[in-house]
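Two complexes, one shared chain (chain A), two partners (chain B, chain C).
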Partner chain A sequence: MSSAVHRRMLKEYLAIQKNSATRPHLEVLEPVQEDDLLHWRAILLGTADSAYEGGRFKLDIVIPTNYPIQPPTIRFVTTICHPNVHFKTGEICLDILKSEWTPSWTLEAICVAISSLLTNPEPSSPLNCDAANLLRCGDIAGYNSLVRMYTGKFAIDEEEE
Partner chain B sequence: MASYFDDHGLEDPYKARKSNYNNGRSLNPDLSHFMPREDTEDEGNFSSRFPSASGPGSNDFRRLAEMLGAFRVREEPLGDEAHQEFLDNLITQLMDEAGASGKHGPPPASKSFIRDLPFVPLKDVKRDEACIICNENFQENESKAGITKLPCKHFFDRDCIVPWLELHNNCPACRAEVPSDDPDWIKKKRDAELAKYAAEAEIDKDWMYS
Partner chain C sequence: MHQPTSTPGSLAPTAATPPPTDASTAVPPIGQQVIPSGATPQQNQDEVQLTDEQILSQMQAIKDEEANAHPLVDVSVDLTELAMEYENGSAAFRNKIMNLADTHDRMRRSRGDGNCFYRAFAFAWFERVMLAKGKPELHTNAVKVIEESKDLLIAAQFELLAFEDFYLVTLETLQNVVHFTPEELLSTFQNDEVSNSIVMHFRLVASAFLKTHQEDYAPFLEFGQTMEEYCSMHVEAMGRESEEMMLIALTKATHVSIEVAYLSGNENADQVNFLPFLPDTAPYMPPLVLLYRPGHYDILYRKSHCLEGVV
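Let's turn to the complex of A and B:
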């Protein structure tokens, strides 16, 4: 089992390196350490013209030993204000990481999905009720300025450790 | 979101207390210290009853739940109601945790379906086709237990698809459903079918009398 997961991760690793030019919103997607393909990190870039613009959002990715039967565990390391991300823990509420997971997803595809979740929030299943409530009552200006404030506070370069 | 305590520049008493326990990181306790390892256990019925693919830890949770269940039986004559309720809740929660890995998403495929998966000869598979679970090309990877095919005509290595079907009754490539033994799934399926017949009957009636 565990050698199967390593073989598959190695294939994904090679594919990720090859495709690196084709993903504008994914600055980094790499193993934390070269010799451990079960622990990855990624950096998502906030889309231009969105309230996340200019932000760099770090993700922590843990691959279970029975991947791809089970999905990876992914959380935001950078604090982010988003209806489907827990403000304190960085936990992500995304169906493909839970009930809709299938082994045909790859790490790269999931990161792209998380990146598009940023600009397509789903306020009906919130982990951050305050952000979701602003969207649900249609206060887009309020939502955007809140997101922009937190992006500036936690995700813009000079503030990073 | 900023809490009351953040807004007022105070230390959050809950957070301070919680971080003592787990530094705000993993909420899953390491249960391995509490119980014998799997290989030293003489009655190995747990591991055989539940597929190993359901993930590390799930058997540990289950065993802890059983252990607490034994407590409950023993305590019964003495324990008061609140105590009893606490234990019940704890056991339920642990059993939920144990099933959590397979609980998300569709139920397991039926045992008979997994048993009767067809064997597909290598020559029926296209040269450049790969199993989407392990990403290995079928032709280059002959050491495995063979190739099989789901009713939706998607090919998989047998070794790869069986652990998936033991957790979920759909095709990893197209999500097409396969049969399940899960009573809830069977009921839902039957209800959907009845609803379909009812809708058809309704159409027939409209046609006859309009």
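Let's turn to the complex of A and C:
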């Protein structure tokens, strides 16, 4: 089992290095340590003209040994205000990471999907009800100012490790 | 068999917390609503609730426990074993099995993990190729079909990176199958990694066929559902049970015909009803025979197919 997942992750690793120019909102997608292809990190960049603009959001990615039959476990390390992300744990509510996972995804495609979730929230299935409620009652200005405040507080000028 | 579908981007109600109702939490001004320390009522509630991930992993653990009691593909058994399952059951089942035994002598169980159709299909096909010593064209045809399935998947816009490993395991197994003993074939299909890769490849082949023949199959989808959504939810995801459309797709994509024996509790019939699934091309070997009981597929062996050496 484990040899298959390593073979697969090595292929993904090589493809990701080759494609780096084609994904503007994914600043980093790499193994945390070169010798462990089952633990990755990513940094998503907030889209310009969105309330996340200027933010750099770190993701922690754990690849299960039976990947891609099972999905990776991905959470936000950087605190983010988003209807579908848990404010404290960083858990992400995205169907393709859970009930609608299919092995035809790649890690890179998943990260791009998470990146697009930032600007396409689904307030009907919230992990952060406060953020979702603002969207549900149509207070876009309130929502954006809240997101901008947290982006400034946690995702901009954060000290590099 | 259709499950209610959720909107893409959402996960059904497990994650939803009811909107706050009491005065202290009812839509306070923004400044007060969000407290950086995180001590909002919703988050307190979350501490006692299970997260989506925990719920899913618990459900998966229950399913796994049930499924792991059986091998992915079992040794074949005499049909009398099937009859024994219904010893105390209804006469409808017993009569049908008795009549089925006139023309069929053995069956082989496929694990009830939602992948039983694909696994049974692949095993029955590969076994047929392995046992057909005097007919090398069965092997040549099968290898050609699997090699061509790569083009089908690419035409359906699957990423080579995402399907290549499953494809190569399937092709390699099929290429070697003529040198296998029946015991080796069985142990190959009992190996999680190989067996699941083959299941996955056949799932992707069925999905690719449906995606590239949308004009024929989209009318059968639920209102508002796209073929893309249907395939990712019901065809590509491991463990999702198959519906008739997948049988049709796989038959046509592989040019392998199937007959499905429907064993039901219908009391108005004493005979098992056989439903054929035919490819568009002329069949070059007798159909694979599968036994269907609501929600589950196993393999059947027809006496006239004379499969000597089956284990």
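Assume the second predicted complex is superposed on the first by the 157 of 161 C-alpha atoms of A that agree within 3 Å, B and C clash if a C-alpha of one lies under 4 Å from a C-alpha of the other, contacts with A are read in each partner's own complex, and residues count from 1 in each chain.
Note that a residue touches a chain if its C-beta (ideal position, glycine included) is under 8 Å from a C-beta of that chain, and two chains touch if they have at least 3 such contacts.
None of the values given here were measured: they were computed from a predicted structure.
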Fit-or-clash call for chain B and chain C when the two complexes are aligned on chain A: clash
First, second, both or neither for A:Asp36, with chain B first and chain C second: neither
Which of chain B and chain C A:Pro64 touches, first, second, both or neither: first
Chain B versus chain C as contact partner of A:Lys11, first or second or both or neither: both
Partner chain(s) touched by A:Leu127 [first = chain B, second = chain C, both, neither]: second
Touched partner set for A:Lys98, first chain B, second chain C, both or neither: both
Greater chain A contact set [chain C / chain B]: C
Which of chain B and chain C A:Lys88 touches, first, second, both or neither: both
Segment of chain C intruding into chain B (one of 5-13, 23-31, 41-49 or 59-67): 59-67
Shared contact residues on chain A - chain B and chain C: 4, 7-8, 11-12, 66, 68-69, 81, 87-89, 98-104, 128-130
Residue ranges of chain A touching chain C (in the complex, touch as defined): 1, 4, 7-8, 11-12, 15, 66, 68-69, 73, 81, 86-89, 91, 93-95, 98-106, 109, 117, 120, 122, 124-130, 133-134, 137, 142, 145-146, 150, 153
Residue ranges of chain B touching chain A (in the complex, touch as defined): 1, 24, 53, 55-56, 101, 104-106, 132-136, 159-160, 163-164, 167, 170, 172-173, 175
List of chain A residues in touch with chain B within their complex: 4, 7-8, 11-12, 64-66, 68-70, 81, 87-89, 98-104, 128-131
Contacting residues of chain C [partner chain A, same complex]: 6-13, 15-17, 19-20, 27, 30, 33-34, 36, 38, 40, 42-43, 46, 51-53, 56, 158-159, 161-166, 192-193, 196-197, 200, 204, 207, 232-233, 236-238
